[in-house]
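Just passing along the structure, written as structure tokens.
Note that the chains are named A, B, C, D, E and F in the order they appear, and that numbering of residues resets to 1 at the start of each chain.
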Amino acid sequence: MKKIEAVIRVEKLEEVREALEKSGYPGIMITRIEGHGKQKGLIQQFRGREFKLELLPKIKMEIVAKDEDTEKIIDTIARTAKTGEVGDGKIFVYSVEDAIRVRTGEKGEKVI
Amino acid sequence: MKKIEAVIRVEKLEEVREALEKSGYPGIMITRIEGHGKQKGLIQQFRGREFKLELLPKIKMEIVAKDEDTEKIIDTIARTAKTGEVGDGKIFVYSVEDAIRVRTGEKGEKVI
Amino acid sequence: MKKIEAVIRVEKLEEVREALEKSGYPGIMITRIEGHGKQKGLIQQFRGREFKLELLPKIKMEIVAKDEDTEKIIDTIARTAKTGEVGDGKIFVYSVEDAIRVRTGEKGEKVI
Amino acid sequence: MKLKGKRLILMALVILSLGLSALAFAQDPTGAKTLEANPQAPVDYVWVLVCGFLVMFMQPGFAMVETGFCRAKNATNLMAKNLMDFVIGSLGFFIIGYTILKGADKFGLFGTGPFFLLGGQYDVGKYLDFFWQLVFCATAATIVSGAVAERLKFSAYLIYSAAISLFIYPIYGHWVWGGGWLSQLPFGMGHLDFAGSGVVHTIGGMVGLAGAIALGPRFGKFAKDGKPKAILGHSMTLAALGAFILWFGWFGFNPGSTFNAHHLRISVIAVNTNLAAAAGAFMALIIVFLKTKKWDVGMALNGVLAGLVAITAPCAWVEAWAAVVIGLVAGLVVVLGVYGLERLGVDDPVGAVSVHGFNGIWGLISVGLFADGTYGNYATTEPFARGLFYGGGAGQLIAQLIGAATAAIWAFVMGYILFKVMDAIFGIRVSPEEELKGLDIPEHGTPAYPDFYTMNK
Amino acid sequence: MKLKGKRLILMALVILSLGLSALAFAQDPTGAKTLEANPQAPVDYVWVLVCGFLVMFMQPGFAMVETGFCRAKNATNLMAKNLMDFVIGSLGFFIIGYTILKGADKFGLFGTGPFFLLGGQYDVGKYLDFFWQLVFCATAATIVSGAVAERLKFSAYLIYSAAISLFIYPIYGHWVWGGGWLSQLPFGMGHLDFAGSGVVHTIGGMVGLAGAIALGPRFGKFAKDGKPKAILGHSMTLAALGAFILWFGWFGFNPGSTFNAHHLRISVIAVNTNLAAAAGAFMALIIVFLKTKKWDVGMALNGVLAGLVAITAPCAWVEAWAAVVIGLVAGLVVVLGVYGLERLGVDDPVGAVSVHGFNGIWGLISVGLFADGTYGNYATTEPFARGLFYGGGAGQLIAQLIGAATAAIWAFVMGYILFKVMDAIFGIRVSPEEELKGLDIPEHGTPAYPDFYTMNK
Amino acid sequence: MKLKGKRLILMALVILSLGLSALAFAQDPTGAKTLEANPQAPVDYVWVLVCGFLVMFMQPGFAMVETGFCRAKNATNLMAKNLMDFVIGSLGFFIIGYTILKGADKFGLFGTGPFFLLGGQYDVGKYLDFFWQLVFCATAATIVSGAVAERLKFSAYLIYSAAISLFIYPIYGHWVWGGGWLSQLPFGMGHLDFAGSGVVHTIGGMVGLAGAIALGPRFGKFAKDGKPKAILGHSMTLAALGAFILWFGWFGFNPGSTFNAHHLRISVIAVNTNLAAAAGAFMALIIVFLKTKKWDVGMALNGVLAGLVAITAPCAWVEAWAAVVIGLVAGLVVVLGVYGLERLGVDDPVGAVSVHGFNGIWGLISVGLFADGTYGNYATTEPFARGLFYGGGAGQLIAQLIGAATAAIWAFVMGYILFKVMDAIFGIRVSPEEELKGLDIPEHGTPAYPDFYTMNK
């Protein structure tokens, strides 16, 4: 089992989720984070004074998938989340040791 | 060291945390996420128009524990978070390479 | 590649980020969490009635870094996040299997 | 001399026409005859209407205080309740409530007459009175939503709203303001309640108490050992906004209750209203500070409202320093009330019972103590009300105590029966799951803040 | 007898001076001459000003309803629009709008005269009238922001604000209230619109419809198959607060439109206004409950406003039960309107078109049905308006239908041309990226809630 | 002729009684004698009271603007401060402040007489005046909370509130409105400040400046190189709501300051007030747009308030176009003020100093320029005020400059001493940790938004 962790643009959430829906995925956790990478900060303004917001709102998606599905899911995300501009985000992959389904108490890859 | 990552129902947070409190746990991180799995979306309504919320609010708990405590903690969570209905959530387990306590700078399993 | 996951005080976010900025880091994800560890709960009050908040607001920072940079980043965080009081937080380290840059589709350590 | 003479005639005209203005020329829908009979009427109409608008504006005040003091997951539900009690209240009071309150007295118990403002009631004076009575009735209705917040079914609240505006409020109101038995008590000047500490606030507060008891406390309000726990509201800014709106609206509530701008006493009433509110907030803030060493804004806001409720009955009959004293005591009463109810295991999420129920009673009593003989029964002519401290003896005080007890018992009993009967028939409390999730989505389908990450406590 | 005589003289004086008060003693900046001519003027001035203040206070009511019903990412933008339409409206109406509305009539089409309140207009009576007309104009202007919310460029909104206050509103207003052709229709008493169901609300609502159509729906409002989807607002508490503020402000809007406190009919108007609002909310709540089994607060709030808009034209001419009926129908109209527009693919984020446009028309029509012959053309003397149900025949109804059709067509056509021309020149819709991110940061630089974690939907 | 004669007599009666109304029949707690002496009094009482209620309602306006412009972590604290300054202000002004302001003049410096509204002050006219003066005093008090926001200890704020209402405000107020030396300057008609650009706003704003300087800037306001950084407020919707509420309340503040509804000039005042506010917002929006290419709502809201503050002194003495000009300049002043103070290293979180302090001064000066000879010293009879541009010479302007300088110096010096003395005794600034965490929990125990995920910036 792998965990796929993707940081994407806030505006892309709906599109990516719909693409995943179509191509199939086991489940997802979505977290609203703030990120900082290569993308320049956002200029905001308040009562005439400008300032730079260094941390930009981003979406983190986490999917725990069977090893064999990992590739396809990563592809789907990478494809739909892309705009080609700086700030598109990154996808990280981790290994998962075990999984438990709370409702039934089952363990292992089959709960995914 | 293992990281136990549990996705549970929002309403179960208090109960699970109290159960953990009783049975003992080293520390916890709680994140408010939105999830999507087998559970059907929630119907909401606004000015006469219904719509389906695909992403449901969930709670993610993360606990980094010593290897030997992992089983018990997973058990406690799995037991108290269970309602038997779809949407109870999942628990994932990862391995942790190192841990540092900021206050003291100590490293390794002992900081847990 | 490693993922460095640090839980720090909310008030320390700005300082830590600036220190990282100076010493260099590849990118960051910041999440607003609630935590519970050794630190005692916070007493709050509402209409004359006091109560203890068990879960305290904390900041979780996650940085995926090349193996060789890990040490320095951990050091920077541990140094600047420290106050010496209970509640300073912890840093956990995980191994990362792969990384993909969405914008270009590139893979591996070079995308960090 | 000549001038003086003219002036006296003018005066006489004014006074004469004022005397007639109440019901004279009934059934004058156009208003021309009423104006002819009383050329001074316009300023009274303007005064009563503008004050009535301010009283109506107390509705969002209550809505904001209640929602601010409750959790985000029930905010839509509280908006729904605070809206619909005014809606149902307006319609119910129109259908029959007004007739019971102000119709022809029967046995000193209730009024009778045509419903729906029909049958000779199409008259500018009648409509003015109806408007005024309506906004007061709706204020009593909306008090209860706070005490039963976060767990009462919306359908039960709709029925409750109808019940209070159709008869619970109008009947008691008739006793005091409609010529009923309390107004004719043979003590002092009969039971006096200038702007409704009793009629509006004790009634609302004690029905709320009945509801809170019938429902039981919210999940999580008391620990297993019975120790009360705080459940924080979700917006101190909205709560404060609401309290300020109420303070503002109260300037319609109290001064407007002269129902007559020719009672220049309105300026005294305005001053008293303001000072009592300030004193109530001050006292509540200080007491809690002494206990917890924190400057507790929530309690200070309750203190504002406590002072306002308490001064509502006496505002026309007392002077400024007495208003300050009445307000200070009100601040004490609300703090003791909040702690006391918690000790008794009663869960009143916003403090409505202590603010309105208990301080309504205190306000009624204070008339019997502080009335200083400068204002009459909605009249600037003798007889004037006089309390114990101003040589009026115990008569007025007795009348006040009887009225206060009557209000408290009537409201509590009627409220308790109402909620218990509904509970027996269809259950008035939402399911535990709905309570945990919050009432917004199960009852209304609409979360209050869908764009924000909220916690569910 | 003597008394009676004096009284009659007094009356005569009052009536005489009232008759003169409108324009008599023009160019009296100090007000002393006006007072001398009409010693009863102060209460009228107080009435009109206080009601005018209440109408001005409807601005935050609109702002809160609209922002509450839209998403957090556009909240700053909605504040900006609701602020600046009042700002631009005030200045534009000052520059020329007022002259077009109330200047010397030309061909029954528009008014002429000096601009900028200059040229003999420095007069307390003139300024009073200007103030009153200004707050009404600004109300019409602010209605549109809801219909075009979440996608119209701010610069386009500034231009639109100027256009509506400079001529779209004043010209139609002149036809009805400035002595123009609609007021002189040879049916009934000519077209009647007491407080502006048509002049203010139909105009605002139909310009809004034009804007909504010209812009097209928000991204995500309709699925690919054309099925409408709900886009939730970000704060039910602010939306409810806004609706309550509007309800409160409407007590200035309607009763104040007598422009005269000596019309004691103001009490009837206040009662009707309140009952129609309540009935509208009740009906809207019930209908949606029957359909979805949820108590829909958002629609109930729309129902309040629908009832208020509908009663705005007839409020002075009908009695209480008719106000309830008018309100109930308004509740129905707004629900059907909201569903109907969605079916037609029109996206009106806050329901402004159904609330103001459609119910404005219903309000105008209802005058022709329910007017009961107790009030005249802003006069308490005959002739009185009489509708179909009160033996007045179809005359008044015809006048109402002509006026309603005129308002709808004028506003829609002018609005459509305006938005289309702007669109052709510089594009009125923000870019898709800006729409997705929300208008707050790209247009204003300022997010509304930077301290909160918000979702972007 | 006969008619004319009666009318003149009536007029004479009215004018006579108005002349007497102020203090005639002192100690008439019932109000009957006052009414007899002046049958026209009711409309004046209604006017003054309703306007006073509106002024009181400015309190939540300030509260919402300030909290909206500050961070969520200090929102409870700002509610506490905005509540308690009104509470302490009400009590302090009752205890002694009113006597200092309006008591028997001593040396042109302060008033003397009985405290606590005792000693022959139990009189409807006195209470009316007290109410009016009280709400003005409380407005001055609440201005300061914005300038010292997010870092001043709550206990220090309580003491400050007492100090400003007990003597800082009353003494200066006495100089201008209590018959003190400024009102008797031998230039023009003496120093003129119709509704308090100076008495209320310059005083509040300059005490605020003293506080902001004594405290130093908030942590994070200036970069290490001294460059100012923006610290965003937490709710543009609440800030806008607050500004609208203030705009609304100002219609009580300015027109009500005639203290007399028989001055029909109130309509001119209302128009001027509205136009200046609009012009201020317009100018502020445009200037910042030219600089940053963004439509800055926060500054536009400040512009509204700037226009309102500036027109407060001249509103009764100028005509509409002048009000627009005064407002436009006010918009410029507030923008320059905000940028200028930042350049000087002064941190005024909400712009209170620029809005109230600087524009209060501008408002005072503008009287000396634009007063056009159509209104007197709260009188519709000659002598009328006349400024430089209307052939009045420099006399009035000199009186205005002297008054403005006096207000600025008095307030700044007293404020600075006050804050510095408190600081020396117990320290007025919260600890750095408390400032970082926000004042809500350490000072009050209550977070403002516990159900929401908030960021701590």
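Everything below uses one rule, namely that a contact is a pair of C-beta atoms (placed from the backbone, for glycine too) under 8 Å apart; a residue touches a chain by one contact, two chains touch by 3 or more.
The shown structure was predicted, so the numbers you read here are calculated from the model rather than taken from an experiment.
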Inset, instruction - Please identify each chain that touches subunit A as well as subunit E. - result: B, F
Inset, instruction - Give me the fewest steps it takes to get from subunit A to subunit C if each step has to go to a chain it touches. - result: 1
Inset, instruction - Examine where the copies subunit E and subunit F touch and state whether the two sides share over half of their residue numbers (same) or under half (different). - result: different
Legend entry - Option in A-F, C-D or B-D whose residue-number contact pairs overlap A-E by over half: B-D
Inset, instruction - Take the average of all CA coordinates in subunit C, do the same for subunit F, and state the distance between these two points in whole angstrom. - result: 47
Legend entry - Centroid spacing, where centroids are CA-atom means, of subunit A and subunit B in whole angstrom: 18
Legend entry - Chain centre separation in whole Å, for subunit F relative to subunit B (CA means): 54
Inset, instruction - Averaging only over C-alpha atoms, locate the centres of subunit D and subunit F and give their separation in whole Å. - result: 32
Legend entry - Multi-chain contact residues (two or more partners), subunit C: 31-32, 44-46, 50, 94-95
Inset, instruction - Spell out, as numbers or ranges, the residues of subunit F touching 2 or more other chains. - result: 43, 46, 50, 232-233, 235, 292, 294, 296, 298, 444-447, 449-450, 452-453, 455-457
Legend entry - Interchain pairs in contact, sorted by label: A-B, A-C, A-E, A-F, B-C, B-D, B-E, C-D, C-F, D-E, D-F, E-F
Inset, instruction - Provide the residue numbers of subunit F that touch subunit D in the complex, in ascending order. - result: 9, 12-13, 16, 28-32, 34-36, 39, 41-43, 45-46, 48-50, 52-53, 56-57, 59-60, 63-64, 67, 75-76, 79-80, 82-84, 86-88, 90-91, 94, 116-118, 122, 124-125, 127-128, 130-131, 134, 154, 235, 238, 440, 443-453
Legend entry - For the subunit C and subunit B complex, residues of the former touching the latter: 2, 6-8, 31, 33-38, 54-55, 58, 60, 74, 77-78, 81-95
Inset, instruction - Write out the stretch or stretches of subunit B touching subunit D in their complex. - result: 10-11, 13-14, 32, 42-46, 50, 57
Legend entry - Touching residues (chain side subunit C, partner subunit D) in the complex: 44-51
Legend entry - In the complex with subunit B, residue positions of subunit D that touch it: 220, 433, 436-437, 441, 444-447, 450, 453, 455-457
